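This structure is in structure tokens; I'll ask about it shortly.
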Amino acid sequence: MSDLAAKLVGELGDLSTTLYQKDFLLTWLQSDADLKAVLTAAELLEELYRRGVSTRVFDSGLAVSNFRDKSTRTRFSFASAASLLGLTPQDLDEQKSQVAHGETVRETATMISFLTEVIGIRDDLYVGDGHEYMCQVADAVERGFADGVLPQRPAVVNLQCDRDHPTQVLADLLHLTRVFGSLEALRGKRLAMTWAYSPSYGKPLSVPQGVIALMPRFGIEVVLANPPGYGLLPEIVDIARQHARESGGRLTLVDSMEAAFDRADIVYPKSWAPLSIMQRRTDLLHRGDARSVERLERVALAENERHADWQCTEELMKATRDGRALYMHCLPADISGVSCERGEVAASVFDRYRNDTYREAGHKPFIIAAMILLTRCERPAELLARIAREAPPRRGAVR
Amino acid sequence: MSDLAAKLVGELGDLSTTLYQKDFLLTWLQSDADLKAVLTAAELLEELYRRGVSTRVFDSGLAVSNFRDKSTRTRFSFASAASLLGLTPQDLDEQKSQVAHGETVRETATMISFLTEVIGIRDDLYVGDGHEYMCQVADAVERGFADGVLPQRPAVVNLQCDRDHPTQVLADLLHLTRVFGSLEALRGKRLAMTWAYSPSYGKPLSVPQGVIALMPRFGIEVVLANPPGYGLLPEIVDIARQHARESGGRLTLVDSMEAAFDRADIVYPKSWAPLSIMQRRTDLLHRGDARSVERLERVALAENERHADWQCTEELMKATRDGRALYMHCLPADISGVSCERGEVAASVFDRYRNDTYREAGHKPFIIAAMILLTRCERPAELLARIAREAPPRRGAVR
Amino acid sequence: MSDLAAKLVGELGDLSTTLYQKDFLLTWLQSDADLKAVLTAAELLEELYRRGVSTRVFDSGLAVSNFRDKSTRTRFSFASAASLLGLTPQDLDEQKSQVAHGETVRETATMISFLTEVIGIRDDLYVGDGHEYMCQVADAVERGFADGVLPQRPAVVNLQCDRDHPTQVLADLLHLTRVFGSLEALRGKRLAMTWAYSPSYGKPLSVPQGVIALMPRFGIEVVLANPPGYGLLPEIVDIARQHARESGGRLTLVDSMEAAFDRADIVYPKSWAPLSIMQRRTDLLHRGDARSVERLERVALAENERHADWQCTEELMKATRDGRALYMHCLPADISGVSCERGEVAASVFDRYRNDTYREAGHKPFIIAAMILLTRCERPAELLARIAREAPPRRGAVR
């Protein structure tokens, strides 16, 4: 076992988590120990993977995904996590299923769960719906297991909802611990979570909400910047504030990218939609009023256009700590002159940090695998210790 | 090995089955021993699964599915069975393939079978087509194997055709043996297989046909009820009659739900389409006459409407044995006031039996896995005995 | 270990290949030793498979496929190869991903590769694009691995591009070595690669190009026949000529099927589109000019029609060596009177060689698996020797 693996096994063993037989829906529903356990288990799985150790802890079973929005990286992260642990990925494509025929969420959730260990859901299109839907699925499998209908209790893992994007922001946090050395080293660091201009429309609020709710818990000083009308869900801002208070972190709201970037150690410039527009859009979509949605889109794009100067430029980067803040993005970024004429970030800035953002993304499969492992295995530290000591190589073993 | 596992291994070993290197297309093509072997192997796989024993008998190989109709539960049951046994599920999506380009069934079947252990097919839309198609696929792989073109002979498993739905009705039968204690305990029990009203149109006849053909073989007294014009395929009614004669079971035809429910131990109220309409629809679809299909649909719905009182109500349930008959359904049910205004079953009845119907459905992955195991492994009882004694846990083993 | 397995292990060990940590894009980018290694490893994997030995060399990891054109046999060959080696197949469906949103190839390639061992790509629709795209993906993963962004370096495998179809033509070559006894026995054999009439339009040129570039390297005398205007890419004809010169093979160009079939040992009659039409079509598609594409299609079909007599008939087969040349096809063939009124081949000819073409196709999963093994495992001969000696059976082992 490598020194790093031994250290991480020790740390994981010291954390008392409550994730076994539970779901992972919102970071603020989990204790600090739970979050640290996810980070630690993810880092350990990544270390074992890089050393070629097989971490196949399941011999069979399904890892079901349900993507209610387009997805590349989350889809592949989920499938990778499933494969890493020995599960068979299976996508619930609602177009090919009978779900449309008036079947209840409870019934569908039960029917796909007889041999299922995890259900990963992405549902971020409608404000107020995504999290609600995940709770219904979680409730269904909880009841199914309690009633003896399901032989095991699959974990529901939030792969992005209208409120939070926990697999993303925990991958972000793991990335920060690697760049800055440790979780402790992040205390007092200044992170600018700021709105940025994009020629597209309707990007979810889950990433900025997830960032402001998570980062202050570990002593990070978050500065949130957005144009008027682009504020996040008030109850999540409240949660973030409370976390900051409790942990010695901080949440500051400012109204310009300049103010946010000032002396920042980390910048996270990213477009999102105005909440009021997302809410009106949700209503219109529920009513099936496609023409009004189109009209709304034009209004939203015009409104966006007024803030086209919210762009992460070289100039702005100079105002950060020593001019060398770490640039972050959940990808894909709207890069000026590359993926669009004018976007969230200047091409030269993105280029300099491209590999950083790729490394940031590269943690996600391991974060998801850690969530599956911690929710589905009773003594994860013990299991991973055994794996680190005894497991065969991932490639080329003959059993 | 648990006592139950030991008992089931013994029972399986005593049955002389002929399923090895064969298909599973229609229950009435199989001997009683074959059917008992499927039930026993399924129960054993389920017992081993619940005790956390890995039943991965394949180290590689494909489990191909071909769904020519929408499906959730059967799709997931098939993928679950594949994963449980170590096979890789692979869906043949005819939209994404070259199959439309005039390729023969024989060629497609061969091309997808080079490393394939099982081909599961759902083809229930056209009367007279589904079973025919499965036979063509089975014939193709049989010839391919005989000619040395295929290194192994994949089993074709019927996941629902126009005549039978064997994975469903064997899951139903396994459910009955669990509820009533044993297969023997079902002798003399009265099962009402009855048509029920649904606001939808064109549901396949395969479930009621499968039920009346299978259940009388084990001494169950089946009462079949439907409005005039909703009779099942005459040749299958004949098969059911013959099975009843041979086994001491019974098949009675009545013309009202009331008559069927009278003193029933089990009720299975379910909508299906009139055969004559299905046949005309098949002709029209083959001719590509979409407008006439629409007109036919309106006629069918109007006809359906005349029998809207065929609903499984609390009132009717009272007429069953001690007012406590077991309610069954293959799901999804059309529940009055829930999934539709007026449907097959009253909400309060369905609610009382909801978990029973979920347990009924929960057997299906194991029934499918049993079919794969019995068709693909030469000495299944021996193999399962070894697994029960020596196999590692499904979760958390380090090899 | 069987005698054949022992012989193949020995042969593989004697070849010094350079495939480890590389891609497989075009046969003419690989050395003779590399090509022989693919053939030998494929034959060995097939021998082990037929003897029931598990060749699961990976315990986890993704095998990503990206089909930019419809596909049945290649899709299933790829999934079969993945399953055979223990990888989880995962399809990148560009319709369901965010790829359309202006994301760069480099970024998408990286995002799907964090736990990926192989990326199989089919991109054959646009002349000049397919190979280019694969190079971009290969470049992206090469850089990602060099930069430490990717923990391993996935191999890019060409599942058909605009220039070559290496998995097909190597399966073809393996088929020839089995029919004629050995690779050496092919020296001096005459192969007619000839255009044939099909009522369809726009079939790729990759198969005939792949055949003429590959076969002369092993001393086969290739005669290429096509109507005027149906010539292949000149640079590939040049490559083929050079290969012929270097190896003692030969490439002859003739202008009739008759001339090509004369004394041929092997015939490969197959339709393809005129290069000039493919190029114009590529331009029009890039410009989004659907109406002109339609008009072009009519022109192309009319042009095709003029050569409707290019059909592999019994009459023509008589002119081959002893009237018994081996008929080959990559499938599906356009069979006169079966899949179309008049096509590439007479029904009686196809019927006589049907099983041969199926065997030809049956090598493809093993060719793909060999490419994965050789690009991803450092000492493949050693590994396969260990597997041949020690690996458990593929079916029915209890670990």
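The chains carry the letters A, B and C, assigned in the order they are written, with residues numbered from 1 in each.
To be clear about the criterion, a residue touches a chain if its C-beta (ideal position, glycine included) is under 8 Å from a C-beta of that chain, and two chains touch if they have at least 3 such contacts.
These figures come from a predicted structure and were not determined experimentally.
Asks: Can you list every chain that touches subunit B and also touches subunit C?
Replies: Per touch definition, common to subunit B and subunit C: A.
Asks: Go ahead and align subunit A to its copy subunit B using Cα positions, then give the rotation in degrees, nearest 5.
Replies: Rounded to 5 degrees, the superposing rotation is 120 degrees.
Asks: Given that subunit A and subunit C are copies and touch, would you call their interface same or different according to whether over half of its residue numbers are shared?
Replies: different
Asks: Could you give the separation in Å between the centres of subunit A and subunit C, each centre being the mean of its C-alpha atoms?
Replies: Roughly 40 Å separates the two chain centres.
Asks: Where in subunit A do residues touch two or more other chains at once?
Replies: 88, 392, 399
Asks: Considering only the defined contacts, which subunit A positions touch subunit B in the complex?
Replies: These residues of subunit A touch subunit B: 57-62, 64, 87-88, 90, 92, 96-99, 101-104, 107-108, 110-112, 114-116, 144, 147-151, 376-377, 383, 386-387, 390-392, 399.
Asks: Using the touch definition up top, name the residues of subunit B that touch subunit A in the complex.
Replies: Where subunit B meets subunit A, its residues are 46, 49-50, 54-56, 67, 70-73, 75-77, 79-80, 82-86, 88-89, 200, 331-332, 334, 338-340, 355, 358-359, 361-362, 364-365, 392-399.
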